[in-house]
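To keep things simple, chains are lettered A, B, C and D as they appear, and every chain counts its residues starting from 1.
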């Protein structure tokens, strides 16, 4: 069975700015989706901000194994109810690959719980991305490093919880460094953040970047399911025999608080 | 200089239920505060839900080094703006000690980003709390384990991100187990979750429990400050000399998105 | 292509003690291997202490994707050179599943760097193993918990580095708890420790235990390779142009130290 | 009471090479010790390879709260018995600050369990050390970054287990990056690795470097004690009443294996 991937794109810059439209005439999401469609093992669709429910209906998410996310100008326009829906699906096991300015997406901050802030500069400088973890599946097929000729700079400090794994570190010509490839697990869901991808550079046309995203999608595939619940186990269903002791508000007829 | 501690209590059960009022006549927060006041190195105040801004004004938080949090029946009544205020202070470096049913407090879920769900039972059963990490400062002064004669049960799975450290594990007479003492760091702030403390049992009068909370408050003291910002570093202020390359939307006169 | 598994067994108790031989007439390693052979996707062989190079020649290890390890009475008889060989293979990407008293195996202590000590008791008491991480692939196919009627007790504190993930926690009838299923990554290799399996009980005949080991073997499969090296990058091969500055011992004709 | 620090230095280069002796006439260990002696809260002594038991007798270690370690040319000459002694003390709670080429010291590899390999180049190039974790006590008193004018380069991949915290990342003029300040906890002991300090540059005379080492020594102070043991708890001393079930080798008169 194919791995079902939904590529989410904000699709705002591409329609407003000729500079971006020239690089990504069908939108960045279509370029990313095309990269993934080269792998016959994936079933890839796209979704965008302007669609009904941002294209992320209950059904679409139920049929999504891995979601990729690119947003920048319009994070605030993503409805909170949709963010909660995506959040729940990640905890249940859906993989999430967050790209570039998605560091400030509501869903990323919701899952990590921190500021997700960083330092930045738009000067089209050279970025060199180093592999810190050569045996990691997300680094498969890359050499010791690869370069992106022109990119926005993101620098430390990056306001994230300590990652489970750091796969990539970036060197910038202007003198900064950044943890550019990080993994976390939340509930049953795997999360990967990948730094590059500013809208005014052809980054998602570059083969190493496409390879990383493809690797990450495979890595983030669901491997189990964790449906949230907060069950009461009555005393007479406890694994060991016990006799209730003392009074409780619940026994006194109070409804449970949860 | 004294470590400044604010003990936050929901203070709802204590006023509504004679059973709880009998155990905690001044409220659970006062009992916890009294435990901490035995340490002359601490300056302890309390704050409750029903106060203006839940007692957590900007000034109170600015003057708080460590905040302890107990809530249960009224998580939903805590205003989101106050939650965001506490959240910001934790990232800046304020310590946070979350107690018992605070696992479902908005601030705890906000910081951890997961469901924080668990399994539960109110049967007044015995809980035995084991020290997993005998060298940890939060376990100081305890033996190999201690027992609480009557407590609510919390069982696994506990929907949390993998803790930085597990200090305590609980054994319950009814047959369950639980990660009862866990630490995380978010931004510059240290977070400790401690399981015991159901409102219908005299748990916060027990000396081992008081000792743990005291230890945790000391452990969570601020050790540095991290004020959130997401600064732009203009190209001519980069550490290394660079010349901007290519066009960007910003150079074309667009305002920054952040 | 099949996943190649080598099941290593100390095979000492089974030959010396009728009690153990009765439960595991072909040795514990053969019972574990049989459990894995039920999966047609695995190619399973065994190796034992008494074989040449403990059955773990360079060739065997080169052809092993995942190694399982059970030892108890004879940890000290495992040659250091073989331990180093296994260690290197784990860092390169071979998975390692360490069982029960293997907590004190040289290879486990070598990889984790800590004491790996614990508390223990042989009383044939009941163990209940709880799933903490229901979405984890190692917990696949299990319910909320399963029980082993008679087992040795292992209790906290367990002298390990904080695990990357805790999959199982044990409850013992005698009152202890234990982190019974833990994962770590070292180099490119995945490591899983699984607690049950004392030689005098038929634990490895129990279907849930067999399922966990099977799941763990699949989880630990290599996903990449990291061959150790500590390369010198001469100044004229640096990614950026630099001119060597100052004197160094090496330029003065000293041989490298590494 | 003063924090007791032992500064360990290999003291080989300083005596053999005029270039090194000129920069560190009393040895690198004395320069580091002098930096720490500026803090009246510390009681600082030094120890070197050529001393009896490398200056690390049982008594010296028993009186040491934090040990700093610099070695390079003579890692192999450090006796295994002394390494085991230091290892035990770290697990018990002694802090350990490992400097520069100490990444290949026996004690560092023993504690981390991995290769600890890296990429390197001696070209006296510029290193810029970024603070990733501005609220961390080890980063206290530093700005966003500091520079070392001439240093050896260490580059990724660095063969370490995922750090608990990354405090510093380095940018090198030659194009590489490195996780230059990392923390781990093993047993009750805190470990900090700090990258700079090649013997042919005056790095340990630089105030920011001295500040980091001072901060790290304070951070690594013992906060508890964990004495290794692997105790048997007889069935009649279990916390809960149990009756031994089934036969065991021990009951049959076998001596314990541990």
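Methods note: contacts are C-beta pairs under 8 Å (C-beta built on N, C-alpha and C of every residue); 3 or more make two chains touch, one makes a residue touch a chain.
Worth saying up front: this structure is predicted, and the values here are computed from it rather than measured.
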Inset, instruction - Trace the shortest chain of touching neighbours from chain B to chain C and give its length in steps. - result: 1
Inset, instruction - Return the chain pair with more inter-chain C-beta contacts, choosing between A-B and B-D. - result: A-B
Legend entry - Same or different contact residues where chain D meets its copy chain C, judged by the half mark: same
Inset, instruction - State the chain with the largest centre-to-centre distance from chain B, centres being mean CA positions. - result: C
Inset, instruction - State, to the nearest whole Å, the distance from the C-alpha centre of chain A to the C-alpha centre of chain D. - result: 35
Inset, instruction - List the centre-to-centre spacing of chain A and chain B in whole Å, with centres computed as mean CA coordinates. - result: 27
Legend entry - Intercentroid distance (Cα basis), chain D paired with chain B, Å: 31
Inset, instruction - Return the residues of chain A touching two or more other chains; collapse runs of consecutive numbers into ranges. - result: 128, 133-134, 155, 157, 162, 164-165, 171, 175-176, 185, 187, 226, 239
Inset, instruction - Could you please specify the touching residues of chain D with respect to chain B in the complex? - result: 92-93, 128, 133-137, 139-140, 145, 147, 164-165, 185, 187-189, 223-226, 239
Inset, instruction - Provide the residue numbers of chain C that touch chain B in the complex, in ascending order. - result: 128, 130-134, 155-158, 162-166, 169-172, 175-177, 179
Inset, instruction - Flag every residue of chain D that touches chain C in the complex, lowest number first. - result: 13, 17, 19-20, 72-73, 91, 101, 104, 110-115, 117-125, 150, 152-153, 155, 157, 159, 161-162, 164, 173-176, 184-187, 198-201, 226, 228-235, 238-240, 242-252, 254, 257-258
